[in-house]
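Note that chain A is present in both complexes that follow, paired respectively with chain B and with chain C.
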Partner chain A sequence: MSTPAENEASIKQESGPSGTVQDKPKKIVVRTGDGEVFELKEEVAMEMETIKTFFMEDNISYETVMPLTNVDSWELVKVIEYCSKYVELKNKENFHKELKAFQDEFVKSMSPKTLLSLSNVANYLEIKYFLDFICQAIADHIKSKDVEYVRELFGVENDFTEEEYEMAKTEAPWAHENLDKDLY
Partner chain B sequence: MIEVDENLVEKIMSTLPPKALMRFKCASKRWYSLINNPRFVAKHLSSYNYNSKHLLVMKRLISKDTTNNTEEEEEENKKEDELVFSLLNLCNNDSIDNGEDRIIVSSVEDIKIPLCMSLKTKGEAVHMVGHCNGIICLLLVKQEFKLLPPFPYLPVSTWGDDPPDVIWGDDVSHSTDVQGFGYDAKLNEYKVVNIGLSYASNWRDEGYDIHNRAKAAIYSLSTDSWTKINTNALETETTVFRLESFQIQFKQMLYWLGHEQHKELNVLDAYEDLIRQVIILLDIQNEVFHNIMLPDSFDRPNVALRVWNESLALFVLVDDYKPEREYSFEIWVLDELGGPKGAWKKHITLEPTPKPFALLNSNEIFLNDFTGLNFMGLVLSYDLGSERLKDTLFHNTPCSTSDDIVAVVYVNSIASVLGDHKLERRDNFSVANFSPLTDSLSSPSIMDLEWNSYSIWAIPTAEVSLRIKKVMEGLKTEFGGPEIEPHIPVVGSIRMTDEDVLDKFRSLCSKNFHAYQAKVNLVVTTNFYHQCVSLLIDTSPEAYSQLDYTTGISNGHFGFHANGRPYLSLLYGNLTEEEKRKAVEKVSILDESIASLSFTIAKLALYKIKYKDTTLKYWEKIADYTLPLPP
Partner chain C sequence: MSEKILIVLHLLVSYIVECFSHLSRYLRSKKPTNYQKKKKKMDQSDKLSNLPTGVTQKILSYLPIDQAVRTSILSSEWRSTWSRLPYLVFDDQSGYDIKKVVNHVLLLHRGGIETFKLSNLDGSADSENIDKWIAYLSRERIKEFVLEHTKWDPYNVFSCIFLYKGLTRLELHNCLLNPPATFKGFRMLKRLHLKHVDVSGDVLGRLIACCPQLERVILCDLKGIADVTICAPSIQFLKVQGSFEDVVLEKTFNLVDVSIDWKQGSTICSGKLLRHILQLPRIERLTLQRSFLECAVGSLTKKLPKSCLSLKFLSISIRLDNSEEILTAMHLMRSAPALEELDIVFRKGKVTNDGESTYCLSDDKQNWEFTQLQRVKVICFSGIKAEVDFIKFLLLTSPGLQELEISFGQDMKGVDFSWLDDNQKNSAFTQVRVVKVTRLSGVKAEVDFIRFLLSNTSQRLERVILQPSSTEVSWELFKLLLAFKRDTLHADFKFLDPSSPVTPVQDSDDSSSDHNFDAASSSDSDFDDDDDDELL
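Up next is the complex of A and B:
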């Protein structure tokens, strides 16, 4: 369950000098699968192709609340966090350096399952750079893990027989050596 | 459990290192076929290497470190230089603090070659033929070749032996073999080509060296078998093409550097004869040879053909032969759209640099510094964009000097040497018919670059022609073959434009030639397609002087330094020995006295020859000149 505090992050208090409609930074409202309503800054929302297409294609007014049924609120919070930062850093000089630092922090506390969920969300919302980043993070995480780990993580069932598995393994026995002995 | 879309899984996998992928194949049958899928292999090849550091493979001879050995051991190991293949991981040094731009060899990993390959031999015994998608093809001295799958995780998965003698036929006396290695996108398999060049002095006939046409066979890794390739295209009426060194594969063609020379040459002329340097190509899918000329009057020995900015480019090292030994370096690019004359365009001239040996990407070239006394065995990188020479630091290991360093630019991949054929498919995943790893669309424009070939023919009188035609007809009915206009080639394989050649021909005819005599010596058969069954013309001084004179002047006029041997061909073809015997018999049945015929050459004619047209219908007479009778 998201707290009001988290929602705060995406809502900006604006006040233009004359308070006219044009000066107000636009907001887009979405509802996540678990019923939470979020207000996003237009510039952040437009980073997500899915949202962008929804509004732009048929010129739908921003008054409409877009349903994001496949996204949970905690996931959206994370997405907003990343995209906001990205937009903020985009035009800066040390973009790459600072982004890298942010990325390292971002994934620090995340479990692989979290990363996987986020990859699904990134895919659904069609945010290319975020998707690339998450997928790379997952890849980096699993590259030294063994087959069992990966099966568990991706929910893949082993449909090889003993024999078949051994045969497949002999194609590249060296690939099964020197792995991380991690806990899941 | 979290459901993950298969596209996502693929995306994640395409950034995994090969070792991980080979392991995860064992996760499930679905993953197994996913990772084996050539489309995925190709996707991985490009995305995994996109951001990665550059890789270079070098073959080096390293002196074994014998410091710790006892005296006896030292005695044994004394002459053992170890051959090592090293994988160099290179990356740009991003610290621009000291203002120097450097490429640092971030790691050198030596490839362990399993002892079963018995590679503890000297450097010359192993030769890197070529590489393709992460697989390196090696040739061992015993004429076996091995393939190294993607580093660093051997073992070698396959090797092949010499093409069996049945391919070469009776003529087994090849002096050298030249190889090539490439990938056939249509069949999704790797192939090795072996070309056998024969040794001219094994074939000497009455003072003439015979350079037989090369024989070629192609080895397919997935079927583990050799098949013969037709090499008629490696021969013209008067010349043969000899392949020298394998360069690269580009699209569906394999490229070699080579040269063209007369088929049969008087031994006294032998040292003079190199007609021209050429590039010889093999279409790996259709198994057909082609050739392209190099830029006009290109006489540079140090040439390499590479792909640069998605076209073919020639990297040329020009030695100025001055005492200071400076080299300048040129890049010529093949412009596929510029017609025959404008095909090669010089792109850049750079001064002076050591000898280049590998192209990293379009902007960086790796140079093998074999001249520098200061940089013994150092590898330098030359940035084409900024035109600056960067130092490459080579830590730790001493390199041997000079040309023992051979390098190829390498990519880390999971490409399987055996393609899809080795293990049974686990499910019915069919391999689609596309070309993931190289562009399979054939590039017909390269073929259009084949210049027109012209020849000057000596034509007998109408009467004699008619007589000869009868014999030709008789042979044709029994053995097949095209219809030939009776002639003796005087000058062959002229490569010029239409206008140029016509001008030259006219100026040739203004010289003081007369109709002259030619005498047949015997009816012979040869190993050449264009002289399968022919009348050998007498070249003894008495019978030959006029013919010799005319031929010599004509050849000189077109820039050739030697004359070929004169034949009047009766049949074009590739007959077996048995058939050839029969053919000779048949000739004497058809016309008994033709073997000692003495006749007059009445005309000189200029013909435009399209060697691709085996029917000869499109061989066009451009001009002719009736020789005046002698006074």
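Up next is the complex of A and C:
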């Protein structure tokens, strides 16, 4: 899916919404924050509200390369992977079962930090179902992990004093029982 | 002399000072200052620690409530992040003390609670507490309220609940519902789901009538009620289950999906209801479970004023030892010429293997064809002749049929299909493209039946899908089918594992929404309205 375009002008695109009917499947071109250019299938790109709004609202032609400054190329690769699969499975009979299998594979090798980055991207690109999925995966991951682990993961600095910490803890003692002590 | 010493001393001191400054500069360059440390860390984890609030809240909302509260010890900023969660779910079977937890959460919550779900199956929370919580919530702009109470002691729903002006969804299990006489209704209520609720027919009818935006209504096993009138102009989905004697629909022009599960009912009322439903202008899906069809026998002998042209999906439960019931089913199907999908559930009756009652099918002179029927699914198939006759009848009268699915009932071990070979192989199923057989237990009878099916299909058959009922089923017998395949068929064989989506079972309840984090409304993500009950 990632085809670095040599020259934007050389990309043969029909114009978007105001264009005439054509036979070729439409492509949308975006550039990530780290400078890589990606060509997306229209149906996949339209799953992302941010991109959809950009092109639909002001009738911007598909020849324009949309800048996605807050997205890194590796993140976009993952997003495209998920959205393409989702679009592919959407109308199938065994949608839920196959999606679940794909989801399990998708998160298998991902570190929690990766998941967090993806949640940021999903939020920025406004892909609801992807964001729901990633957040659920993160929540499943931090369930029953202790406070140090979660702090490290979210990059939160402990600015409590000893007393404040104890006070916060005694506020809801039932919330701090039954924990795993294992890290990572 | 002393001057020289002074100069030397001066030089020494300045040299030492210089050394120190070099040293300290050197040290500073090696070890970053606290400020530099902080800045570097912030740059690296900038993306992560600065996750938008919406995202962190969404993550927290996927955690059980006690774990979400635990994030209060992460940092001073996080101390109250959980307290703005709009979606609260409490479950007394999750291991925490539900009274403590709900009290704590409500006490510290910063406001903005939109969804409150309480599952009190063990009865850990007593009515006094629940009354207090309901009273508290009346100060919030609560949209969804779900209470699943223990069945041992129904909860008399506290009257404050009738003050929830913005309520869009109300779901109660094992409660007593008694609105005050002055209650004017929930203006915004879209979904009403009552299960094992004690409420009188009048009260319920009034309640439904004064909620003008009601779209989905589910009434299951209500107590103290025999009749109910449902007057709801916006209603689209209705499910009624239990021992109702009569259900009257009034002004329900927008009904699209109706599901009725009758245990027993009067013939007159069932018949009237069925005829009324079939005349609804927008009805697309109709599910009649258990004894409804039996109760409505004879109601369609007199033709309807006009055919039901919008009905696309029909699911009926039928007993094949009752020829009147079979006839009624036929009339029903014929009243809906646009029918595309048909689910048949075979109910157990005093059946014998002789096909007496299905004689009426072969005797049928009408030459009717179900031209639009594309998919037929047979559930609880037990292999008796009457059932096979019925299936054959359907296939012979549906020229456009694409897909046939057969789901075996339990216990096929004693079944003998040797009589099948006696039938003429008149290639009854030539139009079928996909054959799906599920809930297989690996007995020979099943293989015989599948061979029978396949021998009646044609080259048009593209796919055969087989699914066992559990992982313990052996595939030895089914390998015989593959040999069969090579001879006559070019179809693709596909073996599914048992964990694929299960066939909808008879007594299923509605699925609830999964939580939607948008502040605006809680929409359903109902993929199939007949899925399993999902409260939390």
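The definition used in the following text is that the second predicted complex is superposed on the first by the 161 of 184 C-alpha atoms of A that agree within 3 Å, B and C clash if a C-alpha of one lies under 4 Å from a C-alpha of the other, contacts with A are read in each partner's own complex, and residues count from 1 in each chain.
Everything that follows uses one rule, which is that a residue touches a chain if its C-beta (ideal position, glycine included) is under 8 Å from a C-beta of that chain, and two chains touch if they have at least 3 such contacts.
Everything numeric in this text was worked out from a predicted model, so none of it was measured.
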Superposition on chain A - do chain B and chain C clash or fit: clash
Which superposed partner A:K97 touches (first chain B, second chain C, both, neither): second
Touched partner set for A:V29, first chain B, second chain C, both or neither: neither
First (chain B), second (chain C), both or neither touched by A:A172: both
First (chain B), second (chain C), both or neither touched by A:M66: neither
First, second, both or neither for A:L89, with chain B first and chain C second: neither
Touching partner for A:M46 - first (chain B), second (chain C), both, neither: neither
Contacts of A:F160 with chain B and chain C, given as first, second, both or neither: both
Chain B versus chain C as contact partner of A:K113, first or second or both or neither: both
Part of chain C, among the options 63-71, 315-323, 369-377 or 459-467, whose backbone runs into chain B after overlay: 63-71
Shared contact residues on chain A - chain B and chain C: 113, 116-117, 119-120, 123, 131, 135-136, 138-139, 142-144, 147, 150-151, 154-160, 164-165, 168-169, 171-172, 174-176
In the complex with chain A, residue positions of chain C that touch it: 41, 44-45, 47-49, 51-52, 54-56, 58-64, 66-67, 69-79, 95-97, 100-101, 104, 108, 499-501, 517, 527
Chain B contact footprint on chain A (complex, rising order): 113, 116-117, 119-120, 123, 131, 135-136, 138-139, 142-144, 146-147, 150-151, 154-160, 164-165, 167-169, 171-172, 174-176
Touching residues (chain side chain A, partner chain C) in the complex: 94-97, 113, 116-117, 119-120, 123, 131-132, 135-136, 138-140, 142-144, 147, 150-151, 153-160, 164-165, 168-169, 171-172, 174-176, 178
Interfacial residue positions of chain B with respect to chain A in the complex: 1-5, 7-9, 11-13, 15-17, 19-20, 22-32, 153, 423, 426
